[in-house]
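Both of the next two complexes hold chain A, though its partner changes from chain B to chain C.
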Partner chain A sequence: MALVSAENRGLRLASRYATLIVVALVFMFPLVFMVVSSLKPDQQLLSDTSSLRAFLPVGDISLDNYYAAFERAPIGRFMLNSMFVTVTTVILSILLCSMAAFSFVFLEWRGRNVLLTVILATLIIPFETIAVPLLLFVSKLPWLGTDGVHWGWLNTYRVQIVPWIVDGLTIFLFVQFFKDLPRELIEAARVEGASWMMIYRRIVMPLSGPVLATAAILKCLKMYNDQYLWPLIVVQDEAHRPVMVGLGYFFQLQIAWGEVMAYLTLISVPVIAFYLIMQRAFISSIASTGVKG
Partner chain B sequence: MIRTATRIALGTVSASMLLSGAAMAQTELTMWSHGAGNDVEIKVLNQIISDFNASQDDYKVVFESFPQGSYNDSVVAAALAGNLPCILDVDGPVLPNWVWAGYLQPLQIDESKIETFLPGTKGYWNDQLYGIGFWDAAVALFARKSDLEAWGLRMPTVDEPWTKDEFMAALDAAKESGKYEFPLDLGMNDQGEWYPYAFSPFLESFGGDIVDRTTYQTAEGALNGDAAIEFGEWWQSLFEDGYAPGPAEDPADQATGFINGKFAFQWNGNWRAVATMAEVDDVVFLPAPDFGHGNIIGAASWQYAISATCPNPEGANAFIEFALDDKYLAAFSEGMGLIPSTPTAAEMTEMYAEGGPLATFYDLSAKQAMVRPVTPGYVVQAKVFTKALADIANGADVADTLDAAVDEIDSNIENNQGYGH
Partner chain C sequence: MASRLTRSNRAGWLFALPGFSLLFLFIIIPFFFAFWLSLTNQRLVSPNPAEFVGLENYRKLLSVAVVTLEPERDEAGQIERDSDGAIKYPRVRTITRNSDNPQYRGMGEWFRWHSGDNAKVVIASDVVFMKALTNTLIFALFIVPLQGGGALLLALLINQKLRGINAFRTIYFLPVVVSIVVISLLWRFIYDGDDGLLNSLLGMLSFGLFEPVDWLGRTDTALGSIIVMSAWQAVGFHMVIWLAGLQTISPTLYEAAAIEGSSRWQTFRYVTWPGLRNTAVLVLIVITMQAFALFAQINVMTNGGPLDSTQTLVFQAVERGYGKQDISGGSVISVVLFLLVLLISAVQGILTRERK
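For the complex of A and B:
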């Protein structure tokens, strides 16, 4: 009886692993295809797409596409731009959105519920509908530099950062999380004479690890992966272009698919590295908030 | 000794001040192009700019390149933000739209300098020149000479192209040979501007058009008249009768389909010619068939223009005139494989000189080429045309689809008060 049960358990385990391996392979196929294709010459890459060879590093394998990709576009510059814009936006976003949420949840002021509703309502507005008015707005904004006041924010990092710092989703995440924090802690701190800023810094933020991870990951993915339309219309000089706009460098009349794959592989490295580092926080935070990226 | 050193130092400072003064006197002319990532094109442009900047002291061209796929969006956004450069390039068929939208001003260049330019390289709107191209492009029917001989097919020429019957007989011969998966590759997967560029000349050769060019106020009769319906039925038969794969065609086919022996014929551009010649020894480039109203291919590629807000149009015109030198036109062609704008520049190239392997394409551009409808509405009409042709290829009713396309085009023209015609 015990033998049968052990056998059943083994079978169940084997089938579970088999299923997981199949699912993992399905999700890995695009990545494997991208990396493998980046090593093949175009002619072979295109011919292999009709067979399983597309996923195998076979045939004429080399790093030529990577060399060519670096010659075609300033990839390092694009990646640095994207990383700078992403990191700066994420830090400022967490700071300002958490402060806004703190105010909505813990401070008493007139109209806060209405304002929160308005902010949440912005979630349903697609960016494309406000892109042009926002473009007109930022093109007229002043900026105080070392050599005086400049008009217009085009062709700068700040135009890629500032409009994305505060958003309804991040505020919403913080609001939801802060609502579940024990009120007694806040009240006790107030009784002890703590200022609101001290409560925010010393009590609320240290308890907000999961939501910080969620907000940081979602914002990071959005800033690194989704920034295409906005930089396209506000950044005209190459020195400030992010990686997604840079992808266009590889789509000529004759598309160099091998170079496209090499470029995609290179620009995926920071995202994959970030995910691997944050893997545990990512899974637990997504599971706890029920928000999908 | 000290006095000498002081003199040298003072002299150096004075000289550098004079030089920097001269440099500062140069007015900057910003210039945009769509060629980011195309290192050959950028290299030639940089050479022209460097030569121009060194050739005079009044102007200095400052260059920025953009990825082609998003270039138009970048220009439109810049126009909205009041941030257009002085000199910019514009795709030929889009030029009327940008003029109509107020983005461009007429070129003031010596007309005698462009007399010999291919017709498709000149961007006119309301009889005024707004753009001039450093090259053109052409499409042709790629075929194997050995196949034509084996199937007993006449070699068509620009002056004596295949008729519709001869073309269909060639496709039938390819089908019957059993050598190929399909007789013809039309590059159907590319549903961008390829459809109007590559296929509207077929419609025009049948006697129809995307829009009535006499007034540019309607597509009625042009896109849904008898000739257009005859074209639509022929077009649909290509896919229904198995001559060519439809819009779901493998995107790799345009690059590898003909070379790998999947297709007997391929409707493709001169930009694929060199790569194809390297793989297919006996490839020949045949002119478009004549379906009854002439053998026609599309014309007009990228052209250089001056923005309406350019504060120094004299300098911008001077730069464009400077760039029209045959040596630069030939350099673009040698580097990118595109058709030089002038016969003299063509003679300077290995590929397009008389007797050169791609000389046929120059003849095609000179004799067969027809610009797409010269109207600001073309940008919309191109999309409507593309959708209609894809739908018909997928089996939609020909007459109904063309009628719907006409309604959409006419409605757009009306909504834009006739687009200034």
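For the complex of A and C:
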């Protein structure tokens, strides 16, 4: 009896793992295909798709596509652009959104509830619905440079950064987190005569590790991966173009698929590496948006 | 709650103002600007100043009518049929271009059905928009159960105590951290009509019996293909949200269910699912909102084709507002899209509240 049930348990365990592995293959195969194909010459890449060879680094393997891709497009420039835009936006976003949320949760002032309601209401405005009016708007905005006032924000970094700094979701995440912090701590600090700035910097921010990670990770993904439609319409010059829009360089007359795969691999690797290193933080970040929501 | 220690009008505004002003400038102003533009004939570059045209853009976008076509008859009064036996009808333009019906001018056929010998034809002044609208609704309708349900299954699969389970969770989440632009390009290889990976796989599984399908090139498969890919890409995201929900359910409830001898389905139905109520609402709302914003996949994979079978509202709004430089035409679609999202969130809000 015991033997049979042990065998049964073994079988059940095996079938569980088999399911898990099959599902894992479903989620991995396009990425495996991407990396493997980036190492193959075009002709082989295209003919291999008819068999399992598509997923194996076999045949004429080399890094030639990567060299060619770097020749074709200023990839380093695009990556730097994307990373600069991402990092700047994330830092400013965390700063301004946490300050606003701090004010909404801990301070009492006239207009507070109205403003918070307005901010939360913006959550149901899809960005795509305001993209075109926003384009018209930013094309006429002034900017104070070192050499005087410029008109129009097109083809700049600021047009990719400033509109994305504050969003309802990030403020909401901070508000939710701050609500659970002990208010007595803040009130005690007030009694001691601490300024609001001091409370924000010395008490609230040091306690906010988890929500900072959540806000930063979500914003990073949004800025690096999803910046496609907006830069497509506001950035025409090479000097400020981000990675997703840079793809256009590979879709001229004759598409060199090997180079496309090399480019896709190059621009995806930084995020994937970041994710694999920080995967606990990633998962718990996403999870924390759900638990309270 | 008001206490003298926390009341501070000046500090309150100072802390909130930088963030709020950016939100105001870059979300709220453009939002109202879109409403205004939709009432004008603004173009991106135009020698003439924009004029106020009232609801004219909405009329041009939303007008629909049903007209009846009577079969063509020969001199004897018999219904004419073509060689396949199908009834012959006059062309729709005999009605829309007829000076007796000025209200139908400029409208084109959207779809038709038959009633008796007559054909009822739904004509619309903006057929492409109507297709974009229905496609967007179809996309939302299918992706919600596919992605939300798929994510729940994955969460249940991953929520077991097994060695190495975290590695699987990491893998299932992987597509979420890859840009949808990259994913869409990769899936063009999967859906390719000749030697696409999907065709090769189906060919292998059916020992060569399966006829290759050009998944993105056929009107009846293109939208479905994009739905499946989109669900696949973000399913890991919602899996994690479900997982967080699952972990809030008290283990004692499961112990009680086990003692009562309830089956796995009963346990799910009466313990797990009720515990996931709030999570379900969140997943539903997030997926719906994302569904209405469908753009990148279309832009990378099909450009709205073939024959407008993958047009979406956002794609049309961008194509008109930016591509054709018809800002008011793009804005009017944006406003319609926003009102639609508002309506649907209101309905979802009411439905999910009543059940509590």
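What we mean here is this: the second predicted complex is superposed on the first by the 261 of 293 C-alpha atoms of A that agree within 3 Å, B and C clash if a C-alpha of one lies under 4 Å from a C-alpha of the other, contacts with A are read in each partner's own complex, and residues count from 1 in each chain.
Here is the rule we go by: a residue touches a chain if its C-beta (ideal position, glycine included) is under 8 Å from a C-beta of that chain, and two chains touch if they have at least 3 such contacts.
Just so you know, these numbers come straight off a predicted model, no measurement behind them.
Overlaying the two complexes via chain A brings chain B and chain C into a clash. Once chain A of one complex is fitted onto chain A of the other, the partner contacts of A:L136 extend to both chain B and chain C. Put simply, more of the residues of chain A are touched by C, taking chain B and chain C as the two choices. Look at A:W109: by the touch rule set out above, it reaches chain C but stays clear of chain B.
In the superposed pair of complexes, A:S47 makes contact with chain B and with chain C alike. In the superposed pair of complexes, A:I233 makes contact with chain B and with chain C alike.
Touch criterion met: A:Q252 reaches chain B, while chain C stays clear of it. In the superposition on chain A, A:I267 contacts chain C only, with no contact to chain B.
Only one of the chain B stretches 205-213, 241-249 or 313-321 carries C-alpha atoms that clash with chain C in the superposed arrangement, namely 241-249.
In the superposition on the C-alpha atoms of chain A, the part of chain A touched by chain B in one complex and by chain C in the other spans residues 46-47, 49-50, 132, 135-136, 229, 233, 247. Against chain A, in their complex, chain C makes its touches with residues 1-3, 5-16, 18-20, 22-23, 26-31, 33-34, 37, 42, 44, 154, 157, 160, 162, 165, 168-183, 185-187, 189-190, 192, 195-197, 200, 232, 236-237, 240-245, 248, 278-279, 282-283, 289, 292-293, 295-296, 299, 314, 317-318, 321-322, 327, 330-331, 334-335, 337-338, 341-342, 345.
Taken together, the chain B residues at the contact with chain A in this complex read 32, 36-39, 64-70, 73-74, 77-78, 80-83, 250, 252, 255-256, 259-260, 269, 271-272, 275. Residues 13, 16-17, 19-20, 23-24, 26-31, 33-34, 46-47, 49-51, 54, 96-97, 99-100, 102-104, 106-112, 115, 118-119, 122, 124-137, 162-163, 165-168, 171, 186-187, 190-191, 196, 200, 221, 224-226, 228-229, 233, 244, 247, 260, 264, 267-268, 271-272, 274-276, 279, 282-283, 286-291, 293 of chain A are the ones touching chain C in the complex. Contact residues on chain A toward chain B in their complex (touch as defined above): 42-43, 46-47, 49-50, 71-73, 132, 135-136, 139, 152, 154, 229, 232-234, 236-238, 245-255.
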